[in-house]
Structures are given as structure tokens and as C-alpha cells.
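Heads up, the next two complexes both have subunit A, just with different partners, subunit B and then subunit C.
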Partner chain A sequence: MIRRSNKPVFWSLFGAGGMVSALIGPMLVFVTGIAVPLGFLLPHDALRYERMLALAHNPAGKLALAVVISLFLFHGCHRFYHCLHDFGIHVTAGMKAACHGFAAAGTALAVYLLLVIGF
Partner chain B sequence: MTTTRIIEIECQRFNPQTDSEPHFQSYQVPFSEEMSVLQGLQYIKDHLDGSLTFRWSCRMAICGSCGSMVNGVPQLSCHTFLRDYFPDKVRIEPLNHFPVLRDLAIDQTDFLAKLESVKPYLIPDTEKTPAQGTYLQTPQQMDEYYQYSECINCLLCYAACPQYGLNKEFTGPAALALLHRYNADSRDAGSAERMEVINGENGVWGCTLVSYCSEVCPKGVDPARAINQNKINSTKDYFLRFLQPRGGK
Partner chain C sequence: MPAPNLLNRYTRPMEGWWRRNPFYLWYMLREASCVFIIAYALVLLCGLYRLSQGEAAFNGWLAALATPRSIAFHGITAMMVLYHAWTWFKVMPKTLPFIHIGGKRMPDAAIVTSGLAAAVVLSALLFVLVWSGRS
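Moving on, here comes the complex of A and B:
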């Protein structure tokens, strides 16, 4: 009997993260990195503190932030883990746990902060 | 009109009885426009050095025997032409990632065991006798697997695969593509038996989608696609088993 791999769990998170980052990533870079700071197409105060706080207070906003942070992290960490392997750096169980653990910890922290910030 | 030019062919040599390390040997080979790299090797064996060892059979990209590294790229030497390298030299080495038996001949034992592990034959639901007729299939059903059945086991994809290079336990491109060839065949009912190989750490999950296997395949097979379709199948299998009643397959 060949032991079943647990990769489907991490690959699903990686795949979902890839999808979300492909769809939302470029837009986020444009809005937060170009449009708002330069006042190009969007006003300078589009991302000001009160607005962002309102976004984080709104349940739909919380969900969107949690999904973006969590799946981006899982996608990036999984990619990093495979790159190490491709470069011939032998990936130990500890390094695998560190990569995916970092994403899990980031997710837990984001969810915790989104909850304590209030509704 | 055939013009004869001279090209330098540099071959990796290794005799396990006398050499501790492989080394290179150069030959000056006259060639004409239509000569393949394999014909260059045959010229060396017939006229310059009868001890040069390499495998070949059909000379027309059907048998899959003459795979070697030509200037670092996995190629069928019968499918590669000297004119495309002239005036530079051609360097021929045995396929990457395999143990070398002698000169350009590699040991395929590992691959053959892997091929056997994927049960590369039809496992029908109910066995028919010849009197009961043939298993019918529509052209659409045939399209599902046809390209994968073109595999000639030449092992260029294993020489191209960095994952196989790093981990010899990985089932590898050709065996997984052939696994998919039978799973995708409407006459086959053996998917459940092959799922165990797919689901293992060294099944489809050993692949990181580099896709060089599909690039070097001389027969237009796309092993990377077969493997990644089965990552989806393996993921479904992983999660859907929790929804099935206990004792379910």
C-alpha cells in the first residue's frame, strides 16, 4: 500500500491562492502602489484611515481581507517551498512545516486582528 | 546534389571494466545534408571506432531506442540532423539521470519497474470473449487518450525532468502519462487500481509543472498535462472520500 500524500490540501490552497492573486493581485498593486499615491484616476484620500477602518469593520470587508491575505500567503509559501526543491536544496519536513506554518500563522493572525478590531 | 562536409562529433565514452570515470572522445565525421546524428554515430562505428556502444533500431523515430543528450538536449539521435549543428561540433552524451552501462547505453530497469506499477493495459469492467464481439468506442472517446498512446518509451522526458533528477523514486512523466492513457480510455475500468500510484508522494505530487518533458517529447505527447489533470483527480479523491459511507471505495 502506497501512503497517500497530503499534498492535495496544500495544492488546493496554492491553486486557490494562484487564482486570487492572478485576478486581484495586479489590481491591488495598481490601486495601492500607483493610482492612489500618484492621484492617478483615484483621489489621494481613497485609502485613508477611516475608509480602511470601515472596510475592516464590515463583515464582507473582513472576509475579503482574510481571503486575500491567507490565500496569497499559502500561494507564496508553497511556491517558495517548491523553488527550494528546484534549486536542489533538500527540503526537510521541518522546512516544509516552516513554509506552510508561516502561512497558517499569518492567516491566524489576520483572522484574529479582523475579529478584535470589532464590527 | 550531395556535398560532403566534415563535422566533429564528441562522444562520451565509458567502459565499466577499464574506466573509473567517463571521458570524451572526438571523431571527424564526413556527412551529407540528409545524415542524422544517428548516422554519424553509425559512421564512427563502421569506419573509425568499432568499440563505440549505442542503441538504435528503427532509424525513424518509432522504436525509441536511440535517445541521447545531443548538445545537452534530450533528443532521438535519428530525429536530429548533423547539418543543423555544422560548423560547430556535436556533443553526444547518454541520457541524463540514468545509470550508464557503457558509452551511450543507459540502464532502463528503473523505468520498466515504474511502467509496470501503473498497470499499462486495459482492465475492462467485464471480460468479453471474442465471440461476444469487440469493445466499441466513438472517435470522441478515442480523442480523450489518443495522444498519450503515442508514447514510445524513449525516456527523453525522464532525462528532461528535473524532479526525476532530484528524486529517483518519482514515478515520472512517461509512466504517469501512460497511466492517464488507460484511465482516460472509455473501455477501461481500472482507474481505482491506479489511483494509489497517483495519490502517493511519488505519484503526480512529485511533479512541479516544469513541463520540459512535454517540450522534448518527439511524439507530441503532453505528459505535463496528464500529470496535472491527475493532480485535480487526486485532490477530488482526497476530499470526496470523506463524503462517502464507510467501506466505500
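Moving on, here comes the complex of A and C:
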């Protein structure tokens, strides 16, 4: 049996995460991290509890939250893994498993929390 | 005579290579964006965890977002993600398969412009979506 490389999977997740973060990343960080906390351009209550709970209850909202968290993690961790080489670190299979495992664990936690929150 | 495995243990020193040339400095800045994207995903994951714990917990997360340290972190993160986005669209003519429209290859500049335009439109939509929910 031919052993197939797992590289396309991780490069695809890297690409998908890179695309999502390039398209909406800067605005998302601005909204949740700057505008709403400061009440600058957006009101303080734009991210209020009932509204975020409604987002997490909604199937489309669940999907959006899971996609953003998971793809950002897979994108970032894959780039981090390849960056180790630039610092003269000889990467091992264990380091690869740790980087991608971290993203996978974050994804699993996000999915678990979205299920616990309910529909 | 040294053991053979000692001979091939030599690695060329590469300390500070990326600080010697501005091109590599920008490259490293782009690569560093990954740390901020990971950290931001963890901030959102933490918010989701607090959301699952109830209103008081979630309000605690919101209060933490309003601290000066958090605002500073998100300011730097926003700039790093913006730089990542810029580089992402700039290399898109090289990372996408060739796109043919009417038998002609889509020019590089058109690919970059469409990517940037899509980002502007989607970001504006996201902003309006958040803004429309004010009470």
C-alpha cells in the first residue's frame, strides 16, 4: 500500500485559515478587541451576553464561531511549525504533532463548548 | 580520530540572519503574525468557555477585554493581522491556480485587487452586522 502524505491536509487548513483571517481578521480583532471594549464607533453592548448566546445557539452562528477559532488555530500553528526552521531548530515528528495537535485540541474544545451551550 | 557522528553534527550558525536585510525583517514580521493569530483564537476560545458558564462569567470576559493591557494587545494584533492580510493578497497571483476569463489569463494586478476588494466588502458587512444589533 502506498503511504500517502498528510501534508495536503495541513496546507489546506493553513490556506483556509489564512484566507479567512485575511478577509475578516483585522475587522474581527478591531470589533471585539478595540471598538466594543472602548465604545468607539460601536456601542459597549454590541457583544452583550444575550446576543452572543443567541449567536452560539444558532446553527449558522455555531458554524461561524467554530470555523474562525479552528481555522485561525490551524493557520497559526502550521506557520509557527514552519517558522521553527528559520530559527535553526531541526523539527522533529514530535514538534509537528505538538503544533497540529494544539490546533486540533483547540478545535475539539470549541466544538465541545458549542455543543454544551446547546441549540 | 573523532567519532564519525561528531563530524556531521556541525550546523552552520544562523544567528540573527533575518536582522541583516530589511527584506528578511519584513518576512519575519509576516511570520510573527501567526503568534498573534493563535493568541487571538485563544481569546475567542476563552470567551466561548465563559459564555458556556453563564452571564456573570461572560461579563467578566468582556470586562477583561476593556483593560488597557488587552486594548494594547488587540491594537498590535490588529496591525499584525492587517499586515498578514496585505501579504496574503499580494502573493495570491502566485498561490492561486491560473484563472482564465474569456480565454485570457487574469492579470496579477486584477487578482490582488479582487482579493483586497473582497476583504473590504466582507469586513464592512461584518461591521454592519455587529452594529445592527445595538439596543
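As a working rule, the second predicted complex is superposed on the first by the 114 of 119 C-alpha atoms of A that agree within 3 Å, B and C clash if a C-alpha of one lies under 4 Å from a C-alpha of the other, contacts with A are read in each partner's own complex, and residues count from 1 in each chain.
Please note the rule applied: contacts are C-beta pairs under 8 Å (C-beta built on N, C-alpha and C of every residue); 3 or more make two chains touch, one makes a residue touch a chain.
Quick caveat: nothing in here was measured; it's all calculated off a predicted structure.
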* To do: Tell me which partner A:86 touches in the superposition: subunit B (first), subunit C (second), both or neither.
  => both
* If you stack the two complexes on chain A, which partner ends up touching A:94: first (subunit B), second (subunit C), both, or neither? -> neither
* To do: May I ask you to decide whether A:5 touches subunit B, subunit C, both, or neither, giving the answer as first, second, both or neither?
  => first
* Asked: Who does A:59 touch here: subunit B (first), subunit C (second), both, or neither?
  -> neither
* Asked: For subunit A, which side has the bigger count of touched residues, subunit B or subunit C?
  -> C
* **Which of subunit B and subunit C A:68 touches, first, second, both or neither** => second
* **Shared contact residues on subunit A - subunit B and subunit C** => 86, 88
* **subunit C contact footprint on subunit A (complex, rising order)** => 15, 17-19, 21-34, 36-38, 42-43, 45-49, 51-53, 56, 65, 68-69, 72-73, 75-77, 79-80, 83, 86, 88, 90, 106, 109-110, 113-114, 116-117
* Which subunit B residues qualify as touching subunit A in the complex? -> 162, 166, 196-197, 199-203, 205, 208, 210, 231, 234-235, 237-239
* **Interface residues, subunit A side, partner subunit B - complex** => 1-5, 7-9, 11-12, 82, 85-86, 88
* **Contacting residues of subunit C [partner subunit A, same complex]** => 11, 13-15, 18, 28, 31, 33-35, 37-38, 40-45, 47-49, 51-52, 55, 58-59, 62, 65-66, 70-71, 73-75, 77-78, 81-82, 84-85, 88-89, 95, 115, 118-119, 122-123, 126-127, 130-131, 133-135
